Each structure stands twice: as structure tokens, then as C-alpha cells.
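Across the two complexes that follow, subunit A remains constant while its partner is subunit B and subsequently subunit C.
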Partner chain A sequence: MNRFFEWLLNLDRRWIYLLVAVSLITPIVVPIGLPVSTTASTRRAFEVIEALQPGDVVWLSFDYGPSSTPENDPMADAFLRQCFLKKLRVIVTALYPLGGLGLANNSLARVTAEFPGLRYGEDYVNLGYKDGAAAVMRSLGESISKAFPADQSGRPLADLPMMRGVQNIHQVKLVFTAATNLIGEYWITQAHAQFGTPVVIGPTAVSAPKYYAYLNAGQLAGMLGGMKGAAEYEKLLREKYPQLDQYYAQTRRFTATKGMDGQTVLHTIILIFIVLGNVAYLRTRGRRRREPA
Partner chain B sequence: MNLDFSRVALMVFFFVIPVIGIVLGQNSPALRGRIPLVVAFIAGIIPIIALYVPKSFLSGPEGMSTRLDQWLIIVAGFALLLGVVNVLQNSSRKIARKDSGWIYSAVLLTGLLLTGSFGIWGAISGHGIGFMPDGSSTPFKWVEDRIFQPLQSTIFSLLAFFMASAAFRAFRARNTEATILLVAAGLVMAGRVPLLEFLAAPFPPLQPAAAAGSRFLGGLTEWIMDNPNGAAQSGIIIGAALGAASMAMRIILGIERGYLGLGAGEQT
Partner chain C sequence: MSPTFPGIGIWVSALLTLFAFSFVYKDNPFFRFAESLFAGVSLGYYVGIVLNQTLMPNLITPLTHDFASNWDLIGAGLVGILLFMRYAPRIGWTARYALAIYVAYYIGLEFTRRIHGEVLPQLSRTIQPLFPWTSTTFASLVFVVGVYSVLVYFFFSKEQNAVTRRIARVGIWFLMISFGAGFGFTVMGRIALLLGRLNFLIQDWIYPALGI
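Let's turn to the complex of A and B:
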């Protein structure tokens, strides 16, 4: 037995890498369909969006880069779907410099293709990327057109029918930020704290623990924590809108619900590694103590 | 030209005074260090006063504080430019000297110049960096979709492999604190996914018990995240905010001068 533990402690890490690769790839290729349970923070986020009225203006900010797309892309896509189904008007921006705008364009292209009746400039606008996240948010309190004089393609805001009645962020009913770093926090400290605009955040799982403090303080209207939060949101969406249930069941695209299968298998593997590693450590430590020097 | 008070005051504070400082500072190293302190004091104090003095020249739509916010966006843009210049200088130097790993610098420079030129071409041609009029991708978008995004995703996904390996090798119950951390981390990892349902999948009779266990683990995880984690995070956030406020006061009052990057003989 002791030889087994010694062998375990000296296991070549490439075997671990192989196991991780197999455990992640297999559920993506052959989905398991594990159940997803919802948490209070995601339900709050869903309900606060659901409570908005058709025609209300919401803000979706792509504050993440390609490194966290498996977590953040499904959130942004699902939020857009809920908005378009509820006939909310969406202002899209990107405040993350490393690829945020490209991801916004891709997400809009994906989701708007599912809603053929949507009209650019009336149902949604894409204001593009602007550097200096916190400074941009501060100026939104005064005037959106000063921070974003034109949309992504260079059309002045005055030419976009949807923007005519939206002068500043006070007219925006909700901000949803899919965020990977500090920019999500800026939305809370700038848009919510200074202008009172409700903020829902979709952070990566790594940064989610920080936002529980804001959630408990009532400074966040809701949170989708990592891929789990995104999968919960997809579940709530499927329950509320049966037409999306069909989409999520049939789509060949990556969704958070599919991603949770891989994440579950990987968490299981890591937990087994931790338990085995500790058992081996404790057994060999005891033996080392007993051995004469 | 509209010469309202706020515009003129900002011009004096952030153009006339710095220019005078630069001119006089040519012959006076001490003055060269003092003028930025004055500029920093004014830039820091205007937004604070604007919060308490509801005068239009300070906090109105065309007020000094509002204009400073606009300037901040422009300055942030220049920070990007500064980064590009820095990368160009460092990488060129490395390539010229044939330092170790110079080939990576060459790849970096090629990527930077190629992608940058595609972006500039998009701006000049009016096509932007998204889609062409026929719906195809612009060269910039092609590079972003086909090279940049997969590369960044790949680099980040390597984390899963390192995490699994590190968890196996380093996450040990060496003492009481490490054991508490280990148990909490294990519970959260198990509670964030339907782990019990996954393990019970081959045994259908165990599914109801697994589902109940998962609900319990999920509730426990939420409690850990809401209470011990939430309390600790609140403390960290409040501490960091107080630290940032005190640092801001030190900069505004000229006590903290490290950002000036003063050389010998320029100390004020």
C-alpha cells in the first residue's frame, strides 16, 4: 500500500494532464445532460430583468475578453435573448480593451440572427468600444453622446431613433455587465452608487466571490456567478420561454448548460486528486516520522 | 468661441500653468517638480468640490468636473498609445541585440504592426473593424476571430491543467488553517456542480438521495459564499477603498510624489 502512495505522490503530471483533457473533452462531445439547480442570486437577476416593461432601455456591456468566453458568452447571449423576447431595447457597448468589441459583435450577430424582426437603431444599438472604463461611466451620468458620439459604424447618435429619448444613464432601466475584471466593479461604484441605475453582473467564477459583498449590501440587483450562473440563467429562461427550450435543446453551439457537464466531471477529478493526494501525504508523513533519521 | 468661466479656468490650470512650468523649469529643476504638484492638486480637488458645491461652473453639464471626466477618456486613450510605444521600444531593442528569446519579440512586433495596420486601414477606408459591406469580415476582424481569440482562449484554458496538477501536489492539510481552507474549498467545489448526481448516474435508485444531497451541498455553498466569504470580501473592499482614498489625499496634498518620477536635483 505504501508503495502505491509513493507512486501516487511521484506520478508524472502528464498523466494528470491527459486525464483532465479526456474528462473535459468527452462531455463536450457527448453531453451528459446533468441537472442544474438555481441559486438566489441568479433568480434575483432573472426576476429583475423580467420585471422590466416592453420598450424599456437596458445596457449590455461586454467587459471581458476571449479568455473567459466559455463563461461570459452564454450569459451575454441569454441576456440578449431575454431582452429581445421581452421587447426591451438594448444599448451594447464594450469597455474591455482586449477583444471586448469583437465578442460584442459576434454575440449580436449570433442572437439577432434568431430574431429576424429586429431593427438596428430601433430595437438595439452597438455603440462600440471606448477606453477609460470608469471615466466613461462617470460621463454617462451627464450625457451618453459625449462618451459615445457615434455608434460602432460611425453613425451619429442623433441618427439612431432609439437613442433620441435616451440622453443619459438615468433613462436606462438596468445595466448588465458580463465582466472578467475590475470593470464590473466600476459599474457598481459608478453607475449604481452615483446614478442609482440597477446593475446585474455576470462575472467569471474566479471573480464572483468578491461580488457577494455587493450583493449582500444591495448594490447589485443580481449576479450570474461563472458558468454555473450562466447555466442557471439558461434554465430559468427555458422555463419561462418554451421557444428557447427548443433552441437550447437542439443547438449545436456551446452553451453554459453543456459546459456544466465538463465542469462537473473536472471538479470531480480535482476533488479525487485532492483526496488522494492528502491521503498519500498523511500516510507517508506518518511513516517518515516513524523512520529513524 | 464660448469663453465661459469653467472653460477658461481649465485652460489656465491645465495648459497655461503647465506651459509656464515647462518653460521656467528649463533652468530650475526644483520648479520642474513643483508645477505638476499644483496641477495634480487642482485636478484632484475640482471633482471633490463639485460634489459639495452645486454650481453650474463646477458640476453642471459644461462644468469643470464634467469636462475633466471627458478629458480623462482622452487621456486613457493616450495611455494605450504609451503602451504601444513601450512595446515597440523594448521589442526593437531586444531584436537589435539578439537577446535570448528575441524571436518572440519579432513575432510580437509582427502581430502588433500587422493587426494595428489592419485597424488603421479599417478606419481610413471607412469599413471599420467589423464587417465589410458584403457581410464578410474585415482583415482586422479576421485576425481577431481566427488568431487572437483562439490564442487567448487556449492560453487561459491551460489553467485547468495546472490547477488540477497543483491541487494534487500542493493542496495539503498541513496544519489547522490549511485544513479549514481545504474543507471549505472542497465543499464549494462540490456544491457548485451537480457532483452527487454525476456520481450516482450509474445507479438510478440512488438518484433521489443524490439530488437531495446536491441541494444540501448547494445550500451550504451559498451560505459559505454569502457569510464567511461575503464578510471577508466586505472587509477587503472597505480596506482597499480607505487605502485608495488616503492615497488620493496624499497625492492631492503633494505628500506622495512617486508618480512624478523625479530625477536627481529635481526633488521639491
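Let's turn to the complex of A and C:
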């Protein structure tokens, strides 16, 4: 047994990399469909959006870049689907400089293609990217057209029917920010704190722990923490709107639910290696001490 | 079924992804190439974004299209240009004025944001009445013990005695639990990124190339 532990402790790390790759590739090729359980923070997010009335205006901010698309894309897509199914009107913006706008365009193209009846300018608008996130949010309290005089294609806001009754952020019922950086925090501490607009955040897993403080303090209406949160949100959405099963069952498209298969398999392997590594270390520690340096 | 080869963009993305992954085996010229390309493209993209999405709509277009209504933007533009004066040694000191304006603006903005958006709401949530006793009272009590003990751990102005050492020890436990939670989430986040790339390689590159 000790020889096994010695072998384990001296194992070339590249074998572990290979194991990681195999454990993630296998569920992509052969989806397992492991169950996803929901948490209170995601249920709160889903319910607060569900409680909005048709015609209400919501704000979706793409505050992430290409490096976190596997986590944030499924959240943003699912949020747009819920909004369009509930007939909410959506204002889309991007406040993250490195690729936020491109991702907003991609997400809108993907989801609006699933809802052929939608009309740009009436059901949703894309106001594009604006630099200086915190300053932008501050000016939204006074006037949206001050921060975004025109939409992404250069059409003045006055020409967009949906924006005629929406002067500032006080007329927006909810902000959803899919965030990878400080910008998510700005929405809470600027838009919510100063204007009282409810904020739901979909942060990357890395930044999720810090947002629990805001959630527990009642500053967030809900939170989708990383890919797990996105998968929970997808589950709630599919339960409420079974017509979405057709989309989420397509194996080609990447969804958070499918991603959780790989996450679960790899987390199990990581846990096994943590236990084995510690047992191996403890079992061989005495001998290492006796050996001369 | 005949193979439907994916476009050139997919092939470039796929090969660069493999170049980046090759580092886990060992450092090599392919990884170096991908790394340098990524740094260069990111910087170029950012410059383009700032030029087209910030300077053009906020400064250049308003000044060229309606100068009479936007002449005051010249002042902001000049302050921006002053930032680059540090490259001219003789008048480099003028850059400090631009930096001072920039810092002062953000201090003003951040001060309100931090106090009203972070300090006060978090503080009011941390300090809750003990009665009537509910399950959230217990959670609040744990919060208070955690916050207090961690603050004691980070209090370096006075040498610790037997009592504060014990409290600081409790603070270390709170910190370790918080770091553990953070590390767990970080692992999940990194796996998610790897999953995204592997999914791209399989679903968008290999499958279409094989006609699957």
C-alpha cells in the first residue's frame, strides 16, 4: 500500500491534466443529464422576475467579456427568454469594455431568433456600450438619453417607441447584470442604493462569494452564482415554461445544465484526489521524517 | 453524409486554443505565439473600443457636428490630452493636474457609493436586535462574532494579550472558512471556462469537420 502512496505522491501532474480533460470531454460527447437542485438565491431571482407584469421595462447589462462566456452567456440567454415569454420590454447595454458589446449582440441574435414575433424598438432595444460604468449609472438616475443618446446603430432614443415613456432608471422595474468584474458591484451600490432599483446579479463563480454579503443585506433581489446558478435558473425556467424544453434538449448548444455534468464528474474526481493525496501524505510522513535530507 | 468543414475563423480559434492548452504539457513556441497574439489583439481591440465607442461619440462627433452646443467639451478633451504630457519631460508636470482632476472626480463618486451602497447597508444588517429571538438572530450573532474577531486579528496597533490572541484565533477560523468557500467557487469557475473551450472544440470544430 505504501508503494502505491509513494507512486501517487510522485505522479507526474500531466496525468492528472489528462484525467481532467477526459472527465470533461466525456459528458460533452455523451451527456449524462445529472439532476440540478435549486438554491434560495436563484429561486428569489426567478420569482422576482416572474412577479413583473407584461409591459414592464427591465434592464439587461452585459458586464462580462469572452473569458467568462461559459458561465455568463447561459444566464443572459435564459434571462432574455424569461423576459420575452413574459412580454417584458428589455433594454440591453454593455458596460464591460473588452467584448461586452459583441456578446450582447450575439446573445440577442441567438434568443430573438427563437421569438419571431419580437419587434426591435418596441419589445427590446440595444443601447450598446458606454465607458465609465459607475459614472454611467449615476447619470441614468437623471436621464437615460444623457448616458445613451442613441442606440447601438445610431438611432436617437426618441425614435424608439419603447423608450418614449422611459426617461430614467426610475421607470425601470429591475436590472439584471451578468457580471465578471466590479461592474456588478456598481449596479448594487450605485443603481440600487441611490435609485432603489431592484438588482439581480449573475456573477462568475470566482466573484460569487463576495455577493453573498449584498444578498444577505437585502441589497440584491437575487443571485445566480456561476455556472451552477445558471443551471438552476435554466431548470426553474424549463419547469415554468415547458415549451423551452425543445431548445434546451438540443445537444449541440452549450447550456449551463449540460456544463454541470462535467462539473459534477470533475468535482468528484478532485475530491477523491484530495482525500487520496492527504492519506498518502499522512501515511508517508513518518518515513520522510526519518530519511536524511 | 459529406463532411461540412467549419469556416476559417473556427479553425483559427481551435488551433489557437490547442496552442494555449499545449502549455500544460510544457512551455513551447506555439504557446508563446498564442500568448503574444492574445496580448496584442486584446490591446488593439481595447484601443479600437476606446476610440470608436468613447472618444468618437462623446468628444469628436459632438464637437464636429454641433460645436456651439458642445464647445465645453474642449476643456474635457484638453484634460485628457494633458495626461499624455508625461512623455514630454519639460512639461511633464502638467499631467499631474489631469490626474488630480480624475482622482478627485472618482473619490467624490466612490465616497458616496461606498458609504451609502456598502458600509451603511452592510452595517445595519450585521447589527440586529437580539430579541425577539429567531433563526436569523443566530445568523446575525455569528456575523457579529465573525466581523469582530476578524477585525481583532487585523488590529496591529497594539501587541496582542491572552484574550485578544484567542479572539484573533477565532477570526482566523472565519477567514479560513471564507477562503475555502472562495477557493471552491474559484475551482468551479475555472472548470467552467475549460468546459466552454472543450465544448467549442468538440461541438463547433470537430463535429462539423467530421460531418456529425
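Just so it is clear, the second predicted complex is superposed on the first by the 287 of 293 C-alpha atoms of A that agree within 3 Å, B and C clash if a C-alpha of one lies under 4 Å from a C-alpha of the other, contacts with A are read in each partner's own complex, and residues count from 1 in each chain.
Just so it is clear, a contact is a pair of C-beta atoms (placed from the backbone, for glycine too) under 8 Å apart; a residue touches a chain by one contact, two chains touch by 3 or more.
Owing to the predicted nature of the structure, the values given are computational and were not obtained by experimental measurement.
> Once the two complexes are aligned on chain A, which partner has more residues of subunit A within touching range, subunit B or subunit C?
B
> Quick check for you: in the superposed arrangement, does A:131 touch first (subunit B), second (subunit C), both or neither?
In the superposition, A:131 contacts both subunit B and subunit C.
> Once the structures are superposed on A, label A:98 by its partner contacts, choosing first (subunit B), second (subunit C), both or neither.
It touches subunit B and subunit C both.
> Contacts for A:24 in the overlay, against subunit B (first) and subunit C (second): which applies, first, second, both or neither?
After superposing on A, A:24 lies in contact with both subunit B and subunit C.
> Where does A:264 make contact in the superposed view: on subunit B (first), on subunit C (second), on both, or on neither?
In the superposed model, A:264 contacts subunit B only, not subunit C.
> Identify the partner contact of A:213: answer first if only subunit B is touched, second if only subunit C is, both if each is, neither if none is.
both
> Scan A:71 for contacts with subunit B and subunit C and give back first, second, both or neither.
Second partner only, subunit C.
> State whether A:228 touches subunit B only (first), subunit C only (second), both chains, or neither.
Once the two structures are laid over each other on A, A:228 reaches both partners.
> Determine, under the contact definition given at the top, whether A:12 touches first (subunit B), second (subunit C), both, or neither.
Neither: A:12 stays clear of subunit B and subunit C.
> For subunit A, give the residues common to its interface with subunit B and its interface with subunit C.
17, 20-21, 24, 67-70, 97-99, 101, 130-131, 135, 138, 205, 208-209, 213, 216-217, 226, 228, 263, 266-267, 270
> Mind pulling up the subunit A residues that touch subunit C in the complex?
Where subunit A meets subunit C, its residues are 14, 17, 20-21, 24-25, 28-29, 67-71, 97-99, 101, 128-131, 134-135, 138, 149-150, 186, 188-190, 192-194, 204-206, 208-209, 213, 216-219, 225-228, 252-254, 259, 262-263, 266-267, 270.
> Spell out the part of subunit B that touches subunit A in their complex, as residue ranges.
61, 66, 69-70, 72-73, 75-77, 79-80, 126, 128-131, 141, 144-145, 148-150, 152-153, 155-156, 160-161, 163-165, 167-169, 171-173, 182, 186, 189-190, 192-195, 197-199, 201, 211, 214-215, 218, 222, 225-226, 229-231, 233-234, 236-237
> Within their complex, state which residues of subunit C touch subunit A.
24-25, 42, 45-46, 49-50, 53-54, 57-58, 106, 109-110, 112-114, 116-118, 121-122, 124-125, 178, 181-182, 185-196, 198-199, 202-203, 207
> Note which residues of subunit A are touching subunit B in the complex, please.
Of all residues in subunit A, those touching subunit B are 11, 13, 16-17, 19-21, 24, 32, 34-37, 39-40, 65-70, 97-99, 101-103, 105-106, 130-132, 135-136, 138-139, 142-143, 146-147, 152-154, 205, 208-210, 212-217, 226, 228, 260, 263-271, 273-274, 276-278, 281-282.
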